[in-house]
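In what comes next, chain A is part of two complexes: it sits with chain B in the first one and with chain C in the second one.
Take a look at the complex of A and B:
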(Lines of atoms letter the chains of each structure in order from A and count residues from 1; the text may use other names and numbers.)
(Lines give C-alpha, C1' and ligand atoms only; values in the text may rest on other atoms or scores of the structure.)
Protein backbone atom coordinates (compact mmCIF):
# COMPACT_ATOMS: atom_id res chain seq x y z
CA UNK A 1 0.00 0.00 0.00
CA UNK A 2 1.30 3.41 -1.02
CA UNK A 3 1.91 6.17 1.49
CA UNK A 4 -0.11 9.40 1.36
CA UNK A 5 3.10 10.97 0.08
CA UNK A 6 4.85 8.77 -2.50
CA UNK A 7 8.22 9.95 -1.14
CA UNK A 8 7.47 8.03 2.07
CA UNK A 9 6.33 4.80 0.37
CA UNK A 10 9.68 2.93 0.42
CA UNK A 11 10.14 3.82 4.11
CA UNK A 12 6.58 2.77 4.87
CA UNK A 13 7.06 -0.58 3.12
CA UNK A 14 10.25 -1.20 5.06
CA UNK A 15 8.49 -0.47 8.34
CA UNK A 16 5.34 -2.48 7.46
CA UNK A 17 7.44 -5.54 6.59
CA UNK A 18 9.44 -5.20 9.80
CA UNK A 19 6.31 -4.73 11.89
CA UNK A 20 4.35 -7.75 10.66
CA UNK A 21 7.40 -9.98 11.10
CA UNK A 22 8.12 -8.61 14.58
CA UNK A 23 4.44 -8.80 15.61
CA UNK A 24 4.06 -12.48 14.81
CA UNK A 25 7.55 -13.74 15.64
CA UNK A 26 8.37 -11.66 18.71
CA UNK A 27 5.56 -9.58 20.17
CA UNK A 28 2.95 -12.34 20.30
CA UNK A 29 5.58 -14.62 21.85
CA UNK A 30 6.05 -12.18 24.73
CA UNK A 31 9.17 -10.35 23.54
CA UNK A 32 8.72 -6.64 24.22
CA UNK A 33 11.82 -5.30 22.45
CA UNK A 34 10.74 -3.15 19.57
CA UNK A 35 12.96 -4.13 16.68
CA UNK A 36 11.33 -1.79 14.21
CA UNK A 37 12.02 1.44 16.02
CA UNK A 38 14.69 2.59 13.60
CA UNK A 39 12.59 1.85 10.52
CA UNK A 40 9.66 3.55 12.19
CA UNK A 41 11.58 6.74 13.00
CA UNK A 42 12.65 7.16 9.38
CA UNK A 43 9.13 6.55 8.11
CA UNK A 44 7.64 8.82 10.74
CA UNK A 45 9.94 11.74 9.94
CA UNK A 46 8.88 11.55 6.32
CA UNK A 47 5.20 11.07 7.15
CA UNK A 48 5.02 13.92 9.67
CA UNK A 49 6.35 16.37 7.10
CA UNK A 50 3.74 15.13 4.62
CA UNK A 51 0.89 15.48 7.14
CA UNK A 52 2.04 18.98 8.01
CA UNK A 53 2.10 19.91 4.34
CA UNK A 54 -1.46 18.62 3.92
CA UNK A 55 -2.59 20.52 7.01
CA UNK A 56 -3.70 17.37 8.86
CA UNK A 57 -1.61 17.66 12.02
CA UNK A 58 -4.05 19.90 13.88
CA UNK A 59 -7.10 17.78 12.98
CA UNK A 60 -5.33 14.66 14.22
CA UNK A 61 -4.38 16.34 17.50
CA UNK A 62 -7.95 17.47 18.10
CA UNK A 63 -9.43 14.02 17.47
CA UNK A 64 -7.04 12.16 19.79
CA UNK A 65 -9.20 12.39 22.94
CA UNK A 66 -12.25 11.01 21.09
CA UNK A 67 -10.43 7.76 20.30
CA UNK A 68 -8.72 7.52 23.69
CA UNK A 69 -5.23 8.15 22.37
CA UNK A 70 -2.64 9.64 24.70
CA UNK A 71 -0.09 10.17 21.93
CA UNK A 72 1.07 13.68 21.09
CA UNK A 73 3.21 15.16 18.37
CA UNK A 74 6.54 16.57 19.46
CA UNK A 75 6.27 19.51 17.15
CA UNK A 76 2.63 20.35 17.73
CA UNK A 77 1.29 22.72 15.10
CA UNK A 78 0.72 22.80 11.39
CA UNK A 79 3.07 25.71 10.99
CA UNK A 80 0.56 27.66 8.96
CA UNK A 81 -0.15 30.55 11.25
CA UNK A 82 3.27 31.33 12.62
CA UNK A 83 6.12 33.26 11.07
CA UNK A 84 6.19 35.42 8.00
CA UNK A 85 5.55 34.27 4.48
CA UNK B 1 -28.28 9.21 16.15
CA UNK B 2 -27.99 5.70 14.78
CA UNK B 3 -26.24 2.73 16.28
CA UNK B 4 -24.55 -0.06 14.38
CA UNK B 5 -23.73 -3.30 16.14
CA UNK B 6 -22.30 -6.56 14.84
CA UNK B 7 -20.52 -9.64 16.11
CA UNK B 8 -18.74 -12.33 14.20
CA UNK B 9 -16.77 -15.45 15.05
CA UNK B 10 -13.59 -16.07 13.05
CA UNK B 11 -12.62 -19.72 12.99
CA UNK B 12 -8.98 -19.03 13.83
CA UNK B 13 -7.15 -18.42 17.08
CA UNK B 14 -6.74 -14.89 18.44
CA UNK B 15 -3.02 -14.57 17.61
CA UNK B 16 -3.65 -15.35 13.94
CA UNK B 17 -6.69 -13.08 13.71
CA UNK B 18 -4.87 -10.20 15.39
CA UNK B 19 -2.03 -10.59 12.87
CA UNK B 20 -4.55 -10.62 10.02
CA UNK B 21 -5.97 -7.38 11.38
CA UNK B 22 -2.61 -5.69 10.73
CA UNK B 23 -2.38 -7.25 7.29
CA UNK B 24 -5.93 -6.47 6.20
CA UNK B 25 -4.98 -3.61 3.84
CA UNK B 26 -4.46 -3.26 0.95
CA UNK B 27 -7.18 -5.61 -0.20
CA UNK B 28 -9.27 -6.04 -3.31
CA UNK B 29 -12.22 -6.42 -0.92
CA UNK B 30 -11.82 -2.89 0.40
CA UNK B 31 -10.65 -0.66 -2.45
CA UNK B 32 -12.15 2.39 -0.71
CA UNK B 33 -9.36 2.20 1.88
CA UNK B 34 -6.60 4.02 0.02
CA UNK B 35 -3.94 4.71 2.61
CA UNK B 36 -3.16 3.44 6.10
CA UNK B 37 -0.39 5.27 7.91
CA UNK B 38 1.06 4.50 11.33
CA UNK B 39 1.32 7.80 13.18
CA UNK B 40 2.58 6.55 16.52
CA UNK B 41 3.44 3.22 18.06
CA UNK B 42 4.91 2.01 21.35
CA UNK B 43 5.10 -1.01 23.59
CA UNK B 44 4.39 -0.31 27.25
CA UNK B 45 7.55 -1.50 29.03
CA UNK B 46 5.58 -2.57 32.12
CA UNK B 47 2.37 -4.11 30.77
CA UNK B 48 3.66 -5.17 27.34
CA UNK B 49 0.63 -3.57 25.67
CA UNK B 50 1.19 -2.41 22.09
CA UNK B 51 -0.36 0.99 21.42
CA UNK B 52 -0.81 2.16 17.85
CA UNK B 53 -2.26 5.21 16.26
CA UNK B 54 -3.13 5.10 12.55
CA UNK B 55 -4.48 7.50 9.99
CA UNK B 56 -6.73 5.94 7.38
CA UNK B 57 -7.67 7.66 4.15
CA UNK B 58 -10.94 6.48 2.66
CA UNK B 59 -12.24 7.40 -0.77
CA UNK B 60 -15.48 6.03 -2.08
CA UNK B 61 -18.32 6.77 -4.40
CA UNK B 62 -21.08 8.54 -2.57
CA UNK B 63 -24.47 9.75 -3.80
CA UNK B 64 -24.39 13.19 -5.43
CA UNK B 65 -26.34 14.71 -2.55
CA UNK B 66 -23.78 13.55 -0.03
CA UNK B 67 -20.90 14.77 -2.17
CA UNK B 68 -22.58 18.15 -2.47
CA UNK B 69 -23.23 18.49 1.24
CA UNK B 70 -19.83 17.21 2.32
CA UNK B 71 -17.85 18.82 -0.47
CA UNK B 72 -16.01 15.66 -1.50
CA UNK B 73 -15.67 11.93 -1.14
CA UNK B 74 -12.26 11.66 0.50
CA UNK B 75 -12.13 11.41 4.24
CA UNK B 76 -9.63 10.73 6.98
CA UNK B 77 -10.16 8.53 10.02
CA UNK B 78 -8.06 8.41 13.17
CA UNK B 79 -7.75 5.00 14.79
CA UNK B 80 -6.21 4.12 18.15
CA UNK B 81 -5.64 0.55 19.24
CA UNK B 82 -4.26 -1.45 22.13
CA UNK B 83 -3.11 -5.04 21.88
CA UNK B 84 -2.63 -6.90 25.15
CA UNK B 85 -0.79 -10.14 24.34
CA UNK B 86 -1.26 -11.49 27.86
CA UNK B 87 -5.01 -10.92 28.09
CA UNK B 88 -5.33 -11.64 24.35
CA UNK B 89 -7.36 -8.60 23.52
CA UNK B 90 -7.20 -6.22 20.60
CA UNK B 91 -9.29 -3.09 21.07
CA UNK B 92 -9.63 -0.39 18.43
CA UNK B 93 -11.41 2.90 18.50
CA UNK B 94 -11.81 5.26 15.57
CA UNK B 95 -13.38 8.54 14.61
CA UNK B 96 -13.67 10.47 11.38
CA UNK B 97 -11.55 13.64 11.13
CA UNK B 98 -13.06 15.03 7.96
CA UNK B 99 -16.65 16.34 7.95
CA UNK B 100 -16.85 15.85 11.70
CA UNK B 101 -18.68 19.18 12.02
CA UNK B 102 -21.49 17.59 9.97
CA UNK B 103 -21.39 13.94 10.88
CA UNK B 104 -19.45 11.92 13.42
CA UNK B 105 -18.86 8.21 13.13
CA UNK B 106 -17.26 6.70 16.21
CA UNK B 107 -16.40 3.03 15.95
CA UNK B 108 -15.33 0.52 18.58
CA UNK B 109 -13.93 -2.91 17.75
CA UNK B 110 -12.67 -5.78 19.89
CA UNK B 111 -11.09 -9.14 19.10
CA UNK B 112 -10.99 -11.69 21.93
CA UNK B 113 -10.69 -15.46 22.14
CA UNK B 114 -14.11 -17.09 21.94
CA UNK B 115 -15.22 -17.79 25.54
CA UNK B 116 -16.09 -21.42 24.77
CA UNK B 117 -13.55 -22.21 22.11
CA UNK B 118 -10.07 -20.72 22.36
CA UNK B 119 -9.34 -21.82 18.79
CA UNK B 120 -11.86 -19.24 17.59
CA UNK B 121 -11.99 -15.47 17.90
CA UNK B 122 -14.96 -13.26 18.69
CA UNK B 123 -15.11 -9.97 16.86
CA UNK B 124 -17.45 -7.25 18.10
CA UNK B 125 -18.07 -3.98 16.35
CA UNK B 126 -20.20 -1.04 17.34
CA UNK B 127 -20.54 2.41 15.87
CA UNK B 128 -22.41 5.57 16.64
CA UNK B 129 -23.44 7.74 13.69
CA UNK B 130 -24.54 11.25 14.45
CA UNK B 131 -25.45 14.04 12.05
CA UNK B 132 -25.27 17.52 13.43
CA UNK B 133 -24.89 21.21 12.65
CA UNK B 134 -26.04 22.20 9.18
CA UNK B 135 -27.35 18.69 8.57
CA UNK B 136 -29.71 18.76 11.52
CA UNK B 137 -32.87 18.91 9.40
CA UNK B 138 -31.59 16.15 7.13
CA UNK B 139 -30.21 14.16 10.05
CA UNK B 140 -32.45 11.11 9.69
CA UNK B 141 -31.85 10.74 5.97
CA UNK B 142 -28.11 11.29 6.21
CA UNK B 143 -27.80 8.92 9.17
CA UNK B 144 -29.79 6.22 7.38
CA UNK B 145 -27.67 6.58 4.27
CA UNK B 146 -24.46 6.47 6.27
CA UNK B 147 -25.68 3.53 8.31
CA UNK B 148 -26.30 1.57 5.10
CA UNK B 149 -22.87 2.48 3.80
CA UNK B 150 -21.31 1.54 7.14
CA UNK B 151 -23.11 -1.80 7.04
CA UNK B 152 -21.77 -2.49 3.52
CA UNK B 153 -18.25 -1.51 4.57
CA UNK B 154 -18.45 -3.67 7.69
CA UNK B 155 -19.37 -6.63 5.49
CA UNK B 156 -16.51 -6.15 3.02
CA UNK B 157 -14.20 -5.41 5.96
CA UNK B 158 -14.91 -8.90 7.35
CA UNK B 159 -14.29 -10.40 3.92
CA UNK B 160 -11.00 -8.47 3.83
CA UNK B 161 -9.99 -9.97 7.15
CA UNK B 162 -10.91 -13.48 5.95
CA UNK B 163 -8.74 -12.89 2.90
CA UNK B 164 -5.80 -11.76 5.06
CA UNK B 165 -6.30 -14.91 7.18
CA UNK B 166 -6.21 -17.17 4.15
CA UNK B 167 -3.00 -15.48 2.95
CA UNK B 168 -1.35 -16.05 6.33
CA UNK B 169 -2.41 -19.69 6.30
CA UNK B 170 -1.11 -20.20 2.76
CA UNK B 171 2.24 -18.73 3.80
CA UNK B 172 2.44 -21.02 6.83
CA UNK B 173 1.63 -24.00 4.66
CA UNK B 174 4.34 -23.01 2.18
CA UNK B 175 6.85 -22.68 5.01
CA UNK B 176 6.04 -26.14 6.34
CA UNK B 177 6.33 -27.68 2.89
CA UNK B 178 9.51 -25.85 1.87
CA UNK B 179 12.71 -27.92 2.21
CA UNK B 180 14.86 -26.68 5.09
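Take a look at the complex of A and C:
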Protein backbone atom coordinates (compact mmCIF):
# COMPACT_ATOMS: atom_id res chain seq x y z
CA UNK A 1 0.00 0.00 0.00
CA UNK A 2 1.23 3.46 -0.94
CA UNK A 3 1.94 6.22 1.55
CA UNK A 4 0.09 9.53 1.23
CA UNK A 5 3.37 10.91 -0.12
CA UNK A 6 5.26 8.70 -2.56
CA UNK A 7 8.51 10.01 -1.02
CA UNK A 8 7.62 8.12 2.17
CA UNK A 9 6.46 4.90 0.51
CA UNK A 10 9.84 3.07 0.69
CA UNK A 11 10.17 3.91 4.41
CA UNK A 12 6.56 2.90 4.97
CA UNK A 13 7.15 -0.44 3.26
CA UNK A 14 10.20 -1.04 5.43
CA UNK A 15 8.15 -0.38 8.56
CA UNK A 16 5.20 -2.45 7.29
CA UNK A 17 7.49 -5.42 6.57
CA UNK A 18 9.02 -5.16 10.05
CA UNK A 19 5.62 -4.77 11.68
CA UNK A 20 4.05 -7.71 9.85
CA UNK A 21 6.90 -10.03 10.78
CA UNK A 22 6.97 -8.77 14.37
CA UNK A 23 3.20 -9.13 14.75
CA UNK A 24 3.03 -12.76 13.70
CA UNK A 25 6.34 -13.98 15.10
CA UNK A 26 6.56 -11.97 18.34
CA UNK A 27 3.40 -10.16 19.42
CA UNK A 28 1.03 -13.06 18.79
CA UNK A 29 3.43 -15.35 20.66
CA UNK A 30 3.26 -13.10 23.72
CA UNK A 31 6.60 -11.35 23.23
CA UNK A 32 6.07 -7.64 23.89
CA UNK A 33 9.43 -6.18 22.82
CA UNK A 34 8.85 -3.50 20.25
CA UNK A 35 11.29 -4.26 17.46
CA UNK A 36 10.18 -1.84 14.79
CA UNK A 37 10.78 1.42 16.65
CA UNK A 38 13.71 2.48 14.50
CA UNK A 39 11.94 1.83 11.21
CA UNK A 40 8.88 3.61 12.60
CA UNK A 41 10.84 6.72 13.58
CA UNK A 42 12.41 7.05 10.14
CA UNK A 43 9.03 6.62 8.48
CA UNK A 44 7.41 9.15 10.84
CA UNK A 45 10.01 11.81 10.12
CA UNK A 46 9.10 11.60 6.46
CA UNK A 47 5.37 11.25 7.04
CA UNK A 48 5.02 14.14 9.48
CA UNK A 49 6.79 16.48 7.11
CA UNK A 50 4.47 15.32 4.32
CA UNK A 51 1.31 15.79 6.42
CA UNK A 52 2.47 19.25 7.43
CA UNK A 53 3.18 20.14 3.82
CA UNK A 54 -0.31 19.02 2.85
CA UNK A 55 -1.85 20.97 5.74
CA UNK A 56 -3.32 17.86 7.35
CA UNK A 57 -1.65 17.99 10.77
CA UNK A 58 -4.26 20.29 12.28
CA UNK A 59 -7.18 18.24 11.00
CA UNK A 60 -5.71 15.04 12.41
CA UNK A 61 -4.82 16.68 15.73
CA UNK A 62 -8.34 18.02 16.16
CA UNK A 63 -9.92 14.71 15.25
CA UNK A 64 -8.10 12.89 17.97
CA UNK A 65 -7.57 14.67 21.26
CA UNK A 66 -6.59 11.34 22.78
CA UNK A 67 -3.94 11.15 25.47
CA UNK A 68 -0.71 9.85 24.02
CA UNK A 69 -1.65 11.03 20.57
CA UNK A 70 1.30 11.16 18.23
CA UNK A 71 0.19 14.63 17.25
CA UNK A 72 -0.38 16.00 20.74
CA UNK A 73 3.25 16.82 21.37
CA UNK A 74 5.68 18.72 19.23
CA UNK A 75 5.26 19.63 15.62
CA UNK A 76 2.63 22.22 15.10
CA UNK A 77 1.35 23.78 12.00
CA UNK A 78 -1.74 23.76 14.16
CA UNK A 79 -1.20 27.29 15.37
CA UNK A 80 -1.82 26.39 19.00
CA UNK A 81 -5.33 25.18 18.37
CA UNK A 82 -4.53 21.99 20.18
CA UNK A 83 -6.68 21.31 23.19
CA UNK A 84 -9.08 24.02 22.12
CA UNK A 85 -11.94 21.54 21.98
CA UNK B 1 -30.51 12.37 11.93
CA UNK B 2 -28.73 9.53 13.68
CA UNK B 3 -28.75 6.03 12.35
CA UNK B 4 -27.28 2.84 13.78
CA UNK B 5 -26.54 -0.41 12.04
CA UNK B 6 -25.22 -3.62 13.48
CA UNK B 7 -24.19 -6.90 11.99
CA UNK B 8 -22.45 -10.03 13.25
CA UNK B 9 -20.69 -12.77 11.37
CA UNK B 10 -17.70 -15.04 11.79
CA UNK B 11 -14.58 -16.22 10.02
CA UNK B 12 -13.46 -19.84 9.96
CA UNK B 13 -9.90 -18.91 10.87
CA UNK B 14 -8.11 -18.54 14.19
CA UNK B 15 -8.11 -15.12 15.85
CA UNK B 16 -4.35 -14.80 15.30
CA UNK B 17 -4.78 -15.22 11.56
CA UNK B 18 -7.83 -12.94 11.38
CA UNK B 19 -6.20 -10.13 13.38
CA UNK B 20 -3.08 -10.44 11.21
CA UNK B 21 -5.19 -10.26 8.05
CA UNK B 22 -7.17 -7.31 9.40
CA UNK B 23 -4.01 -5.29 10.02
CA UNK B 24 -2.75 -6.21 6.55
CA UNK B 25 -6.03 -5.92 4.67
CA UNK B 26 -4.95 -3.14 2.31
CA UNK B 27 -4.41 -3.34 -0.56
CA UNK B 28 -6.88 -5.94 -1.78
CA UNK B 29 -8.98 -6.17 -4.97
CA UNK B 30 -12.18 -5.39 -3.05
CA UNK B 31 -10.85 -2.15 -1.58
CA UNK B 32 -9.71 -0.24 -4.66
CA UNK B 33 -11.33 2.89 -3.20
CA UNK B 34 -8.62 2.96 -0.53
CA UNK B 35 -5.80 4.93 -2.13
CA UNK B 36 -3.23 5.27 0.63
CA UNK B 37 -2.79 4.06 4.21
CA UNK B 38 -0.33 5.44 6.73
CA UNK B 39 0.42 4.44 10.31
CA UNK B 40 0.63 7.60 12.39
CA UNK B 41 0.83 5.91 15.77
CA UNK B 42 2.16 2.56 16.85
CA UNK B 43 2.83 1.76 20.51
CA UNK B 44 2.57 -0.91 23.14
CA UNK B 45 0.74 0.07 26.30
CA UNK B 46 3.28 -0.67 29.09
CA UNK B 47 0.49 -1.41 31.60
CA UNK B 48 -1.85 -3.61 29.61
CA UNK B 49 0.52 -4.90 26.93
CA UNK B 50 -2.08 -3.96 24.30
CA UNK B 51 -0.98 -2.75 20.90
CA UNK B 52 -2.33 0.64 19.79
CA UNK B 53 -2.26 1.60 16.14
CA UNK B 54 -3.65 4.68 14.45
CA UNK B 55 -3.88 4.88 10.69
CA UNK B 56 -4.79 7.59 8.25
CA UNK B 57 -6.60 6.30 5.18
CA UNK B 58 -7.25 8.24 2.00
CA UNK B 59 -10.23 7.06 0.01
CA UNK B 60 -11.89 8.14 -3.19
CA UNK B 61 -15.00 10.06 -2.40
CA UNK B 62 -17.64 7.95 -4.10
CA UNK B 63 -20.84 9.77 -3.20
CA UNK B 64 -24.09 9.43 -5.14
CA UNK B 65 -24.78 11.84 -7.97
CA UNK B 66 -27.34 13.89 -6.01
CA UNK B 67 -24.81 14.61 -3.26
CA UNK B 68 -21.99 15.71 -5.55
CA UNK B 69 -23.03 19.33 -5.61
CA UNK B 70 -22.70 19.64 -1.86
CA UNK B 71 -19.62 17.44 -1.44
CA UNK B 72 -16.59 18.67 -3.26
CA UNK B 73 -14.66 16.15 -5.27
CA UNK B 74 -11.79 15.94 -2.81
CA UNK B 75 -10.65 12.62 -1.47
CA UNK B 76 -11.99 11.60 1.91
CA UNK B 77 -9.73 11.06 4.91
CA UNK B 78 -10.52 8.44 7.50
CA UNK B 79 -8.83 7.86 10.85
CA UNK B 80 -8.64 4.36 12.20
CA UNK B 81 -7.79 3.50 15.81
CA UNK B 82 -7.01 -0.13 16.50
CA UNK B 83 -6.38 -1.74 19.89
CA UNK B 84 -5.16 -5.32 19.92
CA UNK B 85 -5.16 -7.32 23.13
CA UNK B 86 -3.18 -10.45 22.40
CA UNK B 87 -3.90 -11.95 25.81
CA UNK B 88 -7.68 -12.03 25.57
CA UNK B 89 -7.72 -12.33 21.78
CA UNK B 90 -9.58 -9.11 21.05
CA UNK B 91 -9.12 -6.56 18.31
CA UNK B 92 -11.23 -3.40 18.33
CA UNK B 93 -11.07 -1.03 15.40
CA UNK B 94 -12.77 2.35 15.33
CA UNK B 95 -12.88 4.41 12.16
CA UNK B 96 -14.34 7.82 11.46
CA UNK B 97 -14.23 10.31 8.64
CA UNK B 98 -12.35 13.51 9.38
CA UNK B 99 -13.28 15.30 6.15
CA UNK B 100 -16.79 16.32 5.07
CA UNK B 101 -17.84 16.04 8.73
CA UNK B 102 -20.28 18.95 8.48
CA UNK B 103 -22.35 16.87 6.10
CA UNK B 104 -21.95 13.42 7.47
CA UNK B 105 -20.22 11.70 10.37
CA UNK B 106 -19.73 8.01 9.90
CA UNK B 107 -18.22 6.02 12.74
CA UNK B 108 -17.59 2.35 12.51
CA UNK B 109 -16.58 -0.05 15.23
CA UNK B 110 -15.40 -3.54 14.45
CA UNK B 111 -14.74 -6.09 17.15
CA UNK B 112 -12.90 -9.31 16.38
CA UNK B 113 -12.86 -11.85 19.19
CA UNK B 114 -11.63 -15.41 19.43
CA UNK B 115 -14.59 -17.79 19.64
CA UNK B 116 -14.39 -19.24 23.17
CA UNK B 117 -15.91 -22.52 21.91
CA UNK B 118 -13.83 -22.97 18.77
CA UNK B 119 -10.17 -21.93 18.43
CA UNK B 120 -10.48 -22.10 14.64
CA UNK B 121 -13.18 -19.44 14.54
CA UNK B 122 -13.29 -15.69 15.02
CA UNK B 123 -16.39 -13.68 15.80
CA UNK B 124 -16.85 -10.35 14.11
CA UNK B 125 -19.21 -7.57 15.15
CA UNK B 126 -19.76 -4.44 13.07
CA UNK B 127 -21.43 -1.35 14.47
CA UNK B 128 -21.92 1.78 12.41
CA UNK B 129 -23.36 5.10 13.39
CA UNK B 130 -24.24 7.74 10.83
CA UNK B 131 -25.00 11.30 11.83
CA UNK B 132 -26.15 13.81 9.27
CA UNK B 133 -27.11 17.43 9.74
CA UNK B 134 -27.67 18.47 6.18
CA UNK B 135 -31.40 19.02 6.41
CA UNK B 136 -33.01 20.52 3.28
CA UNK B 137 -35.15 17.38 3.04
CA UNK B 138 -32.07 15.32 2.24
CA UNK B 139 -32.03 13.22 5.39
CA UNK B 140 -34.32 10.44 4.20
CA UNK B 141 -32.28 10.15 1.02
CA UNK B 142 -29.08 10.03 3.02
CA UNK B 143 -30.61 7.48 5.34
CA UNK B 144 -31.60 5.05 2.60
CA UNK B 145 -28.33 5.64 0.77
CA UNK B 146 -26.30 4.97 3.89
CA UNK B 147 -28.25 1.81 4.67
CA UNK B 148 -27.58 0.34 1.24
CA UNK B 149 -23.98 1.58 1.40
CA UNK B 150 -23.57 -0.04 4.82
CA UNK B 151 -24.51 -3.53 3.64
CA UNK B 152 -22.60 -3.04 0.39
CA UNK B 153 -19.46 -2.00 2.25
CA UNK B 154 -19.75 -4.84 4.73
CA UNK B 155 -20.03 -7.39 1.94
CA UNK B 156 -17.01 -5.84 0.23
CA UNK B 157 -14.87 -5.68 3.35
CA UNK B 158 -15.76 -9.28 4.12
CA UNK B 159 -14.69 -10.36 0.63
CA UNK B 160 -11.48 -8.38 1.06
CA UNK B 161 -10.81 -10.05 4.41
CA UNK B 162 -11.39 -13.51 2.95
CA UNK B 163 -9.00 -12.71 0.11
CA UNK B 164 -6.28 -11.56 2.53
CA UNK B 165 -6.97 -14.48 4.89
CA UNK B 166 -6.49 -16.95 2.06
CA UNK B 167 -3.22 -15.23 1.12
CA UNK B 168 -2.03 -15.17 4.73
CA UNK B 169 -2.80 -18.81 5.20
CA UNK B 170 -1.03 -19.82 2.01
CA UNK B 171 1.97 -17.71 2.93
CA UNK B 172 1.96 -19.28 6.40
CA UNK B 173 1.87 -22.75 4.92
CA UNK B 174 4.60 -21.78 2.51
CA UNK B 175 6.79 -20.58 5.36
CA UNK B 176 6.13 -23.74 7.37
CA UNK B 177 6.99 -25.85 4.38
CA UNK B 178 10.22 -23.89 3.92
CA UNK B 179 11.14 -24.51 7.56
CA UNK B 180 10.40 -28.19 7.21
CA UNK B 181 12.46 -28.38 4.02
CA UNK B 182 15.32 -26.57 5.71
CA UNK B 183 15.14 -28.86 8.72
CA UNK B 184 15.11 -31.89 6.44
CA UNK B 185 18.17 -30.58 4.62
CA UNK B 186 20.05 -30.10 7.88
CA UNK B 187 19.45 -33.66 9.01
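Side notes on the structure shown:
FYI, the second predicted complex is superposed on the first by the 69 of 85 C-alpha atoms of A that agree within 3 Å, B and C clash if a C-alpha of one lies under 4 Å from a C-alpha of the other, contacts with A are read in each partner's own complex, and residues count from 1 in each chain.
In this section, a residue touches a chain if its C-beta (ideal position, glycine included) is under 8 Å from a C-beta of that chain, and two chains touch if they have at least 3 such contacts.
Model, not experiment: these values are computed from the prediction.
Using the contact criterion defined above for the overlaid structures, shared-chain residue A:24 touches chain B and also reaches chain C.
Once chain A of one complex is fitted onto chain A of the other, the partner contacts of A:63 extend to both chain B and chain C.
Where the contact sets of chain A with chain B and with chain C meet, they give residues 1-4, 12, 15, 19-20, 23-24, 27-28, 30, 32, 34, 40, 43-44, 47, 51, 56, 59-60, 63-64, 66, 68-71. Taken together, the chain B residues at the contact with chain A in this complex read 15, 18-19, 22-23, 25-26, 35-43, 45, 48, 50-51, 53, 55, 57, 76, 78-80, 83, 85, 93-95, 97-98, 100, 106. Within the complex formed with chain A, the residues of chain C that make contact are 16, 19-20, 23-24, 26-27, 34-44, 49, 51-52, 54, 56, 58, 77, 79, 81, 84, 86-87, 96, 98-99. Chain A contributes residues 1-4, 12, 15, 19-20, 23-24, 27-28, 30, 32, 34, 40, 43-44, 47, 51, 56, 59-60, 63-64, 66-71 to its touches with chain B in the complex.
Touching chain C in their complex are the following residues of chain A: 1-4, 8, 12, 15-16, 19-20, 23-24, 27-28, 30, 32, 34, 36, 40, 43-44, 47, 51, 56, 59-60, 63-64, 66, 68-71.
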